[in-house]
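See below for the structure under consideration.
Chain IDs A, B, C, D, E and F follow the sequence of writing; residue 1 opens each chain.
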Amino acid sequence: MSQVVTFGEIMMRLSAQSHLRLIQASQFDVTYAGAEANVAVSLANFGIDVAFVTKLPKNDLGLAVLRILRQYGVDTSYICFGEGRLGLYFLETGFSQRPSKVIYDRANSVFALSNPDDFDWDKILENAKWFHFTGITPALSDNLVESCRNALKKSKEKGIMTSCDLNYRAKLWSEEKARQVMSELVEYVDVLFANEEDAEKVFGIKADDSNIIEGKLSLKGYEQVCTRLQEKFGFKKVAISLRESIVANVNRWSGVLMDGKDFYSSKQYTVHIVDRVGAGDSFAAGLIFGFLNNMKPQESLEFAVAASCLKHTIAGDFNQVSIDEVKKLAKGEGSGRVVR
Amino acid sequence: MSQVVTFGEIMMRLSAQSHLRLIQASQFDVTYAGAEANVAVSLANFGIDVAFVTKLPKNDLGLAVLRILRQYGVDTSYICFGEGRLGLYFLETGFSQRPSKVIYDRANSVFALSNPDDFDWDKILENAKWFHFTGITPALSDNLVESCRNALKKSKEKGIMTSCDLNYRAKLWSEEKARQVMSELVEYVDVLFANEEDAEKVFGIKADDSNIIEGKLSLKGYEQVCTRLQEKFGFKKVAISLRESIVANVNRWSGVLMDGKDFYSSKQYTVHIVDRVGAGDSFAAGLIFGFLNNMKPQESLEFAVAASCLKHTIAGDFNQVSIDEVKKLAKGEGSGRVVR
Amino acid sequence: MSQVVTFGEIMMRLSAQSHLRLIQASQFDVTYAGAEANVAVSLANFGIDVAFVTKLPKNDLGLAVLRILRQYGVDTSYICFGEGRLGLYFLETGFSQRPSKVIYDRANSVFALSNPDDFDWDKILENAKWFHFTGITPALSDNLVESCRNALKKSKEKGIMTSCDLNYRAKLWSEEKARQVMSELVEYVDVLFANEEDAEKVFGIKADDSNIIEGKLSLKGYEQVCTRLQEKFGFKKVAISLRESIVANVNRWSGVLMDGKDFYSSKQYTVHIVDRVGAGDSFAAGLIFGFLNNMKPQESLEFAVAASCLKHTIAGDFNQVSIDEVKKLAKGEGSGRVVR
Amino acid sequence: MSQVVTFGEIMMRLSAQSHLRLIQASQFDVTYAGAEANVAVSLANFGIDVAFVTKLPKNDLGLAVLRILRQYGVDTSYICFGEGRLGLYFLETGFSQRPSKVIYDRANSVFALSNPDDFDWDKILENAKWFHFTGITPALSDNLVESCRNALKKSKEKGIMTSCDLNYRAKLWSEEKARQVMSELVEYVDVLFANEEDAEKVFGIKADDSNIIEGKLSLKGYEQVCTRLQEKFGFKKVAISLRESIVANVNRWSGVLMDGKDFYSSKQYTVHIVDRVGAGDSFAAGLIFGFLNNMKPQESLEFAVAASCLKHTIAGDFNQVSIDEVKKLAKGEGSGRVVR
Amino acid sequence: MSQVVTFGEIMMRLSAQSHLRLIQASQFDVTYAGAEANVAVSLANFGIDVAFVTKLPKNDLGLAVLRILRQYGVDTSYICFGEGRLGLYFLETGFSQRPSKVIYDRANSVFALSNPDDFDWDKILENAKWFHFTGITPALSDNLVESCRNALKKSKEKGIMTSCDLNYRAKLWSEEKARQVMSELVEYVDVLFANEEDAEKVFGIKADDSNIIEGKLSLKGYEQVCTRLQEKFGFKKVAISLRESIVANVNRWSGVLMDGKDFYSSKQYTVHIVDRVGAGDSFAAGLIFGFLNNMKPQESLEFAVAASCLKHTIAGDFNQVSIDEVKKLAKGEGSGRVVR
Amino acid sequence: MSQVVTFGEIMMRLSAQSHLRLIQASQFDVTYAGAEANVAVSLANFGIDVAFVTKLPKNDLGLAVLRILRQYGVDTSYICFGEGRLGLYFLETGFSQRPSKVIYDRANSVFALSNPDDFDWDKILENAKWFHFTGITPALSDNLVESCRNALKKSKEKGIMTSCDLNYRAKLWSEEKARQVMSELVEYVDVLFANEEDAEKVFGIKADDSNIIEGKLSLKGYEQVCTRLQEKFGFKKVAISLRESIVANVNRWSGVLMDGKDFYSSKQYTVHIVDRVGAGDSFAAGLIFGFLNNMKPQESLEFAVAASCLKHTIAGDFNQVSIDEVKKLAKGEGSGRVVR
């Protein structure tokens, strides 16, 4: 009965503290994270009635995940449980010229091994208005490709809006496999989200005049990317987050949106980073929030970029900010003066 | 028998660690802080004989405060004790576009509920040379307005220099109430301290060409503010700290001073911030130190700005720096090379 | 039987956490560090077969050092043990205008009190290709001057390359004493390393157009320093690391190399700093690695500067980076994008 | 629409770590706790559909409480919000002969200042089967006496079972005031819970042959206490938890139950203590769970005593144990062998 | 070329701190552990030249394991590396009536998926005197049954002593599978180690008069167990550790040994527990040490029981005690007086 | 002008956390401690006006010590400063059969190297009533023997009571040297304190029927020890603390007192231990407090034993308890029930 439904894996995230390398760590911070769960939590924090759908192990770790999600008010009633393991990932937070580093240990998770039957989409999507997933979910197993297809088809039957964040992960599948699967799935997708390199990796659509490694991105180039994606797949909307990395702890952050007719670009923030993981998810969540609330395109985009700008200052994958905080920043109060 | 006496509230400060939001914290760092106590500790660290006057609860938390103050050598012999609670505040340290956030829980503290009779100013101010308070103290209760008035009158009787830091706090009183009370109290004040927005909030005196939210301040504008304050209230000296906030963790910091005849402005520092709370107090303390030691105006100002620049790099409200460190910085050694 | 042998003191390093001042700390992080040990660990991490030679106390602290070194695969079989104390140092990490601060407590350590007989150089240097020490070792005691001389003479007998990092420490000896001792010892040295101020302190050779305190260094000036050092002492190679300090936590970092014929200068990095102690040692280790692998001069220099640039982002004195990471940075991937 | 409803205050609990005294602490662990919230969480962990009713401040601390409760699945939909403060308490955990110490700072909390109108009992208790509160709630203010009376009267109207835990707190009210108020309120109460000293403090009913300070309690004496309570107030059931304190970190723990006809006493556990705060609440929750599930009296009692025995090993006020764990202990597996 | 070779899996161990439950933890302590690695480290700490053989993932986690083992001086030169994951386990440390809890996540580890070809036993066992493994290794995969068989056969060829610790793990295989596989493998085993319940689980040989759950073990019963094991499988020696659990944090600990002719039982210690995981491994290591040093049977047994008694007081799976400390305890100095 | 003066060394204490061994620690807790400083802090906490006399290094570590002492209200005005090092010690806290372990690194401290001229006893002891030192001070250097002699002679001149705690430390001097020096110094001592083994080590006076290693002490035996000490040296009072060690974390603790005429023995406590270092000092402080307040002998002894019993539950060397807490325990409230 939730307004928005997101579908994907949630993992335990084990991160070294105080900029230590993984190999130096004798303690890990424990949080829980996953692209679609991150979107769900962002939306829940904005007051949206949202359900997160996944499969969890029937043990204390699965219960820990459940508690974490429930504390944000995310609807967990469609989560199923089974014997198996919780996927996890190790995070080393970079600094200056040293990049952050992620080691995934998610193979054979109870979610990756789930069956399409585990998810009763007819019931889950009852009364929903929006269905969201990312390219990570189908990358996990063929069964999950089918589960995604089931959810998308059912959404189309019910007239539910669908969105997908490309979220290409080279560790999970090849560019070829991604292209083949995603080309099929996006047929059912209304709104596409991507970051500055996804479109090239998945669909071979590259932005001109841009050098991602050197952190120089061209708006013109990304307008073309949006246009080509729209032309090729018929999306109603395409939004791309643009990260220019100066050093690991200081980035420039902005976004673009094409809504079929027009192209919009946001203001750009120079962000000092506490934790950048999950920023893309908070960008997608910001846009979904804007769309659900019928904000104008530019306003939606600025909301999403401001929300995800703030995400960079929050520890953990989840974006823990309020609508007020986002709007204040979008309006221009970005100098970080104390709120007493 | 102390040279300087400061009067105000000291609170327990509970702050989230490692840039976590308050809502994420499962541990708080515990320190103790308050505008006038911060000034007292700064002065004690500079070797000044200083007493801090307040009222504390008669329990372990009051004893904890006493110990903390004593360790800096602050004279605590005029502090009185009673049944009641210690005020406290919660601090979330901002980063980048996310501002720091303070939640006060100081209402009904044993100090706010203190009686004018609790403080025997004749005895406290015996042999003192300087009395200091801030706009926070009278904002806490009408009784404290009276206690401030008593202290100020007694100071004038004894020929003691008096200083006040406007320190406007919107959570404690309205601009109207502040204006009314402070207009009366500053009649007894020789030296006025303020930050870049206090004069406007309390006395409606605004700097031209300045935009505090965008972090752009005009020296000309603040010269006018000094002049008008001096003209209106007859202060011997007016000093204003000027903060230009770029992001929450990087600010520009400087100060101005008018001594009746001339206007002085300091060099400006770009500070990377560990903890900015208490910076204004360390600015005031630096000036009081300079004045007590008969430094020249420009020298006093540079000392105060350098001292408070360093405060931004110290965790906790208290400024823990030595005269040598401040002077080295004021002389230009600000590149932070290792001292072996 | 190791390829490289380094000789010096290793200390316990006690550092305050989270940018606290030493005087605020109620906990210290415990690591182990020393210039020559840092070089040994850097080389071991690059896969070089390296032995570290020292004398340790026969107690749990000596055993702790042994374990630490062994975990990197450093050959510890020539370390001798005796009654006595482990040297130690206290570290306060600076920020912004507040410099880092080191308090040494290394006098009378078991190593400083060691005898020349404690080290059987004939055996230690058997089959070695490279011997490295720094100016700290002879500064510790006259016995250690003799031990260094013994090692250097034996190296020359065996045709082993020798290197020395000047590493001048004012707390250990005067500039006069340093000049007298080092002038003699460098007669046996093939490769000299120094930082931007060592040559002046030890040999009175100063770079023109440079102001170390203001963080402005001239390449021309340092070319002259290299030339004069080479002319005076006949070094095969001279390399100097160049630090321009903006604030304590942001520096510019580069290096120069003269190989008898030509002068090379590296690209310059603006580094945001986690921990800069040991950066010079990682620069020396990078060059030794390049020389041992017959890299070209420019390539060796860029490798060394990239390696030591990364060191600034690693907590502790030891540089914990891989050859791959260094090469990637030297090639230009320095924007710190996430490695998934 | 919850089965069980509990009503009371929930506070922030600030506790010193690692057996430090409050006065030594530079960090506090932050949890949230309150007698009736503790009961709600215990029941939720046992799978009971339970709502907790309170009033919270409209700020980040109130939101933090909301999140904490939601993570256990407690229904928070009847919680109201308003301007004001969150009550809090400081906890020092005792050891050996040193007792634990609690400093309350709960006066003038937004809950204590709540109005009877804040709680719409007709709606809250719709479909409920059980209403629970403790003597702490009416001790907080006269308004809360009225709110309790309203809830109890409405419960009786609707045929809902009611329970009360005496929970006498000398810091909140005198024995006289407690006796007067509680004598009236318990008229509406079906099930009474108490600890070994409550009945004497509140109703002057003392157990013979028992010395609470020396930790020697007589079953006979407590049978009489139950009988007298039942005779005087007509309770359907009376249950008393019995703590014999050997040292602060080792206690003996058991309980008794009278159900109108018969008197039952449980097995006694010698518990080594991690955190004993909240044990009484977990005892009450265990009995409510037993009663709701129609366990036999002895079985209910053993379940409650085993559950609360385990509570002593859990950090924080909340009892975080499963039905299985409790049943295993109640059956006799109390030697703490590893579960692999 | 090591004297002793042990073969098995080493995992990352993630443990909740300060007696928190796993579900409460927001940080984990990270150590590395595994039955045969624990034995290797124990022996290395006693000065034995020991190699640990396993397969590790080719990533930072594998490198972390390598470093950890190297710091104890364990020979890691026969460890092979490959693509895959490191097994891990989560540990919740019990207290009082609450048992410790282990969640394994070791399926599909790079070691479990290793091939018999990964281990060149001819080379590994060259010059070895003792080969040790536990029942966990063959439980991980059929390939590992074969690897164990290969190692054992090669040991017998070379006249190397072999030992096995039954270490039954119900989560890894059924009692039936264990019996079948272990019955075959122990044919090659000279020395058998077990705990108080292994013999029953694996071979159905139960001690009379003993109740493991209630913590009451009969020496007579375990003498029979030793005798039957020896008769059935022809072991040269059988040793069993005996744990009587009073509560999770206080146990009684002792051991028995049968050497073909005679039966020996040790003194019994009442141990207060910091961390009991790995105690059985330290018992086996103690006996191997005694046997290798030709201690008399009673002396070997007392050494092993004292060593493993001390293990209970050491955090982490590894036993970090010296020969001197063990001997002092075995001689009777067990009251824990300060060593200054 | 203080009532009591104590004289000795104060060191930095670096202790491993959470029962880790020193060799495992990557963090140390930092406190400050020393026998005579511990006595001073105990007395200050009981409201006695007390000065601690020592020599400290002129650096941040010396300043840290100053602050720590000042926070308890100890008079630090006679402390002198000089170039040199602060002594320190490393502490590993034992558990169960594993003893605590201390590694001293105090040689050549600025205090050990102090001159008799550093201390102006005429001024320091002006108006004092009691002078206290321990056997550690003269053990540090011959200069300090002279300083002690000077202080004692001056005390006798002025009619000041003197006390000495034997505090024999085998690491500092031999039993022969101790006997020779202490035999001379105790000629000036009125009150002697010792623990259960000091008298034997220093003066060869042994208690019959007692086995310290097994933790069995005979009251009769210690009565004889007191008598012989009194007869031999003419002390006015002799008090001995008696520790029976069961395991490292559970001891029995009591004390005896002979006042020239009568022999008193205290009740015995079984203490569960947080930190036992400094317990003897708190025992001496308790007796000095009793004597200064003219308590009866039995009352003084019970006060001292209760105070030092509580010390075992306090982290750090300093005893942080109030007179009320001690008296409550001495009266029999030792079951550690919560104080709300």
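One rule holds for everything that comes next: a contact is a pair of C-beta atoms (placed from the backbone, for glycine too) under 8 Å apart; a residue touches a chain by one contact, two chains touch by 3 or more.
What you see is a predicted model, and the numbers here were worked out from it, not measured in a lab.
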Between chain B and chain D, which partner chains are common?
A, F
Residue-number overlap at the chain A/chain B interface, same or different (half cut):
different
Longest centre-to-centre distance from chain A, chain (CA-based):
F
Repeat of the B-D interface, chosen from B-F, C-E or A-E (over half of contact pairs identical by residue number)
A-E
So how far apart, in whole Å, are chain C and chain F when each is placed at the average of its C-alpha atoms?
45
So how far apart, in whole Å, are chain A and chain F when each is placed at the average of its C-alpha atoms?
62
Multi-chain contact sites of chain C, meaning residues that touch two or more partners:
18, 21, 23, 26, 67, 101
Which of line, ring, star, complete or other matches the graph of chains that touch?
other
Pairs of chains that touch, anyone?
A-B, A-C, A-D, A-E, B-C, B-D, B-F, C-E, C-F, D-E, D-F, E-F
Counting only contacts in the complex, chain E reaches chain D at residues 18-21, 23-24, 94-102, 104, 169-171, 212-215, 245-250, 276-277
In the complex formed with chain A, which residues of chain E make contact?
14, 21-23, 25-31, 59-61, 63-64, 67, 85-86, 88, 90, 92, 101, 103, 105, 107-108
What does chain B use to touch chain F in their complex?
67-68, 70-73
Residues of chain F that touch chain D when the two form their complex:
17-18, 269-274, 306, 309-310, 312-316, 320-321, 325, 329, 332-340
